[in-house]
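Naming follows writing order (A, B, C and D), and every chain is counted from residue 1.
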Amino acid sequence: MSATAATNEASDLRDTALDGPELRVRLSKTWGTESGLWGALTTVDHKIIGRRYLITTFVFLFLAGLAAVAMRLQLAQPESKLIGPDLYNQLFTMHGTTMMFLFGVPVGEAFAVYLVPLMVGTRNIAFPRLNAFSYWVFLFGGLFLWISFFLNIGPDVGWFAYVPLSGPEFSPGKRADTWAQMITFTEVAGLAVAIEIVVTVLKQRAPGMTLDRIPLFVWAVFINSLVIIFALPAVVVASSFLIMDRLIGTHLFNPAEGGDALLFQHLFWFFGHPEVYIIFLPATGMVSAIVVTFARRQAFGYLALVLSLIAVAFLSFGLWVHHMFTTGLPQLGYAFFTASSMLIAVPNGLQIFCWIATLWDGRPDFKTPLLFVLGFFFIFVAGGLSGVLLASVPLDTQVHDTYFVVAHFHYVLIGGAVFPILGAIYYWFPKFTGRMLSERLGRWHFWLAFVGFNVAFFAMHISGLMGMPRRVYTYTAEMNWGALNLVSTIGALMLAASFALFLFNILRSMRVGAIAGDNPWGAGTLEWATASPPPPHNFDRIPFVTSREPLWAERDSLPVVTGLRVDNRELIASTVTEARAELREPSPEPSIWPFLAAIATGITFVASIFSPWAVVWGGALVAITLIGWFWPKGSKEDEG
Amino acid sequence: MRRPATILVLLLALAGCNTIQSPLDPASPQAHDLNRLFWIFVAVLGAIWLAVMVALAVALRAPRPAGADPLATDRGRDRRFGIVITGLAVATGVMVLVLTGLSYAAQRRLFAVEEEAVTIRVMGQQWWWQFTYEDVDASRTFITANEFHVPVGKPVKVKLNAVDVIHSFWVPSLMGKQDLIPGRENDIRFVAERPGVYRGQCAEFCGLQHAHMGLLVVVEAPEDFERWREAQISAAQPPTDSERQKGLEAFLSKPCVMCHTVRGTPAGGRTGPDLTHVGGRLTLAAGTLPMSRGNLAAWIVDPHGIKPGVNMPLIKLDPDELNSIAAYLEGLK
Amino acid sequence: MRQRAVADLSSLPTYGFGPKSPMWWGTLGFCAVEGMGFALAAGSYLYLVHVNPQWPLSAPPPDHWPGTVLTLLLLFSLWPNAVADRSARRQNLWAVRRDLYIMSVIGVLAVAIRLYEFAGLHVKWDQNAYGSITWILLGLHATHLITDLGDTLVLLVLMFTRHATGKRFSDVSDNAFYWYFVVASWIPLYLLIYWVPRWA
Amino acid sequence: MKAAKVVLLCLAGALSAGCQREDRAYRSNPVASETREEIALVSIAPGPNPPAVYTTGKGREFENNAFHLSQGKRLYSWFNCNGCHANGGGGMGPPLIDDRWIYGGSIENIVATIREGRPNGMPSFRGKIPDDQIWEVAAYVRSMSGNVPKSAAPARRDDMHPGPAENRTATSPPVPGGIVPPSGQMPQ
């Protein structure tokens, strides 16, 4: 033992010795984040970073939503001259790219970053500095994309950026490079968070939280993180291949030199279909949490729900080709993908049935979060079923790339993900801020969104069946699509209005909302066992878990464990399956290096679309910041 | 809850009628097949959706007393739920298998190979279609653009290639869509069963003017088709009156010839559509404008006002040059 | 909510090796991500072999000797790597220094040989799709060699500072674990790059 | 957040620098709208001072614009320039990728060459190619010898690989000279 370590031993203070307010004050001091700019740049608190992630993703949601409104206005009547094709193509590309990569994936991870450590009863996420780094990289990637857009360098090749259209010959300038590099940014961030979640769930669960006591939301985001780990590399490979074809003259997608345009589609959809479930799985976790709390009944078929999550995760990798039914691949292969695509309806159906059973046996309490979940049932089931229709090869040859598909996946993504996410905001806002959102505004928000959504997107099924293709910036009057498009635009405006209302509700409630208290909904999971908002160290003492809903099982007092250091960031590492405490794992302290590393990474990515050599010198830059990051600072945390 | 379902049926019915580009308005056995399959799926899936919504509505009644212990469960009840849900899951599986079967059967019929009477090679390019009628006798192959004719009741084979980026060939009333991919060749087959003009459109995003990449299929009686084919094989008629003569001279002296071909004249450009019989087509600029002398002039004088970003450049013409060129082109029946 | 203490964990250690330590699981996670990257790149290679009538495209197969030598070196390195892992777990500082030395030398050698491999490919990345994907596979693995070499060097230096205690040993062990991945991922790539062009 | 702002500013700066490289002028000007450029075919002149040269700057605008350059690259093959000049390597006509320029290597010179035509086979395209497209072709010809910004120069085509694309060719500043090709005929 070195001298420093010895002195640490001397000043070793355990929570066994303390209690009540003093314990909380000391822990808050140990785990707290400095105030001011320095604190903001160096913080590693999963709650602060999770909140940032949430706010940032919602900012991107609103930006992409505005892009959608602009497109709907252009399409409101035939031959409209409001927006030209060049801008329109950038708009729908920005809309899709932002919704998928800057909202859909990160928003689920944002909830996870904030909630998982609370729900599994630990004091910080695993690898907190990686967490801080991932946020900065994500932020820079998103800003990079949108600044490019406002400089008229926004990508205009669709969120799927098919070659050859996005390739070196047909996309001059840097627009397509912007898309490809934004992918790299956001996927690096997304993969980092996924790994943190996986390790947090596997190794940092509170003692006693065996596998069958893990909250369903945690199961959902855990499995989701595994899907991310195996799906996201595909799109990174695809976008890297693309940018290499564009910048250093490789021929991966050039048929004249042995490449193949379909290779891009295979790589992209090998990611692209799991992507849909990456967006959907966290939402199922939110639905489970909300249903259980507001039905006042533990989840019916916990095991079935977990198993169907796993089944969905596996199947989601087996059906990417159903996005390529019109590319002329072998027919028999198509039949297989039809079957697998339809088969995924079984586990999804199973989940729906279990939730309905829970409500059936419970006593539904119709608060706003539950309203959004009911909206989810109504819309998502419809979207899922139209998906079964799309899985049929022959039918797909008719509706593929028409507005029918646009309607379908907005039913799935808005119904399946956005509605539960909005419900989740209403549900956890008290925990995030300590104040309740206005219930009255919430109901207005729900009904406006629900009606607006169905008006906007149901009509698109019809315009699709009337032969309207996707991604057209206008259409001629004699196609008879005008009326339906006008309806869609009106619905879209209602939807937009509902989000304005939502924003107002948030801003207002943050100042004047009713004080929430620890557990306003009388829920059963651990995040409600601590203050709202939680203190920097989450829990004064780490809970000892005896049940799936500890707060329902332990009415009078919560069992906890003691013996952790108070003067030093320490949390419990436990065994993977039965969660026996096995280490007092030190947790990293705030550091500026993740931020610097993110800047270095950003510079590397952006510079590399102007000169391939940036990868080399940028790589060196990143390496330096990483060494600074991992080099021990001689603080207590580093010494065993 | 039932409201949307009824609206669905009504609107879908509406979608079927009075449209010029709809899969619900079939004009070939293939499209009929697809239309039937579509309605079967809609019926089955719609019924399932309704059932789930009803179950949900029932579930929202509140049997359990207020303040009951959320962890308390009734074993017998749970077992019953378990049985029902297992049954439903199995039912879902069966439904899925049945639909897969139906779908695969249709797929087999749809892509069944049949000896074709006419073979047309489609070249998709930004943002128009080139059609080559192939014939064993090379002198009888010919090229046209954005509109092609087929005889009613005869099997047609369409070979699909792309020159630049990926496009997708889609004439909903005749057949499902199929992509045109550079470096690959796809094909589709169909038999048109009633005469008429059917509209199609590019269905894969292909850049700026993806929205204005339409085409027309004219289905006509075999003898009319043969007459049309003979006319297309022949070179352009020399201009009859003086104005069209002036038009031809202007056409040849201007940039037009750099990109366009008019068989029977020195104009041999390969970049733009073949104009040998442009006057005989129903539309202009890939299904964007109805064919008329006025529209020809409007298109030539400012293509970018009509299709911003199109490859046809703006060229300086004085009014009577413009009119004579329009007249000449209109005369190319 | 009132609390009641049910267990005292004061006696637990503050670091562990292998699956005990969260960092090991993190490393495993990154291995999964990169392994997926390798798998997809290799899949793309096979896809291109499949869509092309002949392979390699208008280029002689690469000389396999540099690759074969590297493969043997990597296979040999498994032994000192295992030793390094064991020394770390025993927290034998002197042995760990020695083993990290050896592993660094092996890393430098490997990177040097990798340069000869690029020279021996007989095709540039911008010549045709075969050249492109071959360079990508080789480059992708080269970045892993360099990353682990860098990590090893940093740890080596660290072992001569006052920080060479406790938790750092488990870092050494995780680094050894990562090297197993680097070696394992190379074997299939070696077969793809050097033998598929001869057999296909 | 300040540091983040700084980064953003740098980022914005870097991108805005690239802005005029990214503009897309889809609507070209009609044929007859030619700019007046005073050009010299050779850099030497009688008397002490070099020959008078006046350019409107239109050339720079086209040379630095990725869209114009890529259009030029397409027109180069559409108008069959490679019929005589191949992919720049030269054939019946002189090579375009080297540094030798018989009639001057500035974009204004090249525009003039395309407009007016030159002896021994180079036809005049005035009136045949709209003037802006002549500028685009000329700008592309400049990129063949690496005389335009790399970040704007066209990348490879989806075609057989003749050599590194314009965005990867080494810069060879034009020098007067080069061999007038053996009298070719007008391209068919």
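Just so it is clear, a residue touches a chain if its C-beta (ideal position, glycine included) is under 8 Å from a C-beta of that chain, and two chains touch if they have at least 3 such contacts.
Since this is a predicted model, take the numbers as computed values, not measurements.
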{"item": "Most central chain, Cα average position", "value": "A"}
{"item": "Between B-D and A-B, the pair joined by more C-beta contacts", "value": "A-B"}
{"item": "Interchain centroid distance [CA atoms averaged], chain A/chain B, Å", "value": "37"}
{"item": "For chain B paired with chain D, centre-to-centre distance based on mean C-alpha positions, whole Å", "value": "39"}
{"item": "Interchain centroid distance [CA atoms averaged], chain A/chain C, Å", "value": "30"}
{"item": "Whole-Å gap separating chain B and chain C, where each centre is the average of the chain's CA atoms", "value": "51"}
{"item": "Residues of chain C engaged with two or more neighbouring chains", "value": "126-128"}
{"item": "Touching two or more other chains - residue numbers and ranges from chain B", "value": "182-183, 208, 308-309"}
{"item": "Multi-chain contact sites of chain D, meaning residues that touch two or more partners", "value": "26, 156, 158, 161, 164, 168"}
{"item": "All chain pairs that touch each other", "value": "A-B, A-C, A-D, B-D, C-D"}
{"item": "Chain C residues touching chain A - in the complex, by the definition given at the top", "value": "1-16, 19-22, 25-26, 29-30, 32-34, 36-37, 40-41, 44, 47-48, 51-52, 57, 125-133, 135-136, 150, 154, 158, 161-163, 165-168"}
{"item": "Contacting residues of chain D [partner chain B, same complex]", "value": "26-33, 78-79, 127-130, 132-133, 158"}
{"item": "Touch list for chain C against partner chain D, complex", "value": "126-128"}
{"item": "Chain A partner contacts - residues on chain B that touch it in the complex", "value": "1, 4, 7-8, 11-12, 14-15, 18-24, 33-34, 37-38, 41-42, 45-46, 48-49, 52-53, 55-56, 58-60, 62-66, 68-71, 73-74, 77-78, 81-82, 84-85, 88-89, 92-93, 96-97, 99-100, 102-104, 106-108, 110-111, 160, 164-166, 168, 170, 172, 175-179, 181-184, 186, 199, 201-211, 288, 308-309"}
{"item": "Parts of chain D lying in touch with chain A, wherever the complex brings them together", "value": "1-4, 7-8, 11-12, 14-16, 18-19, 21-24, 26, 66-67, 69-71, 150-152, 154-161, 164-165, 167-168"}
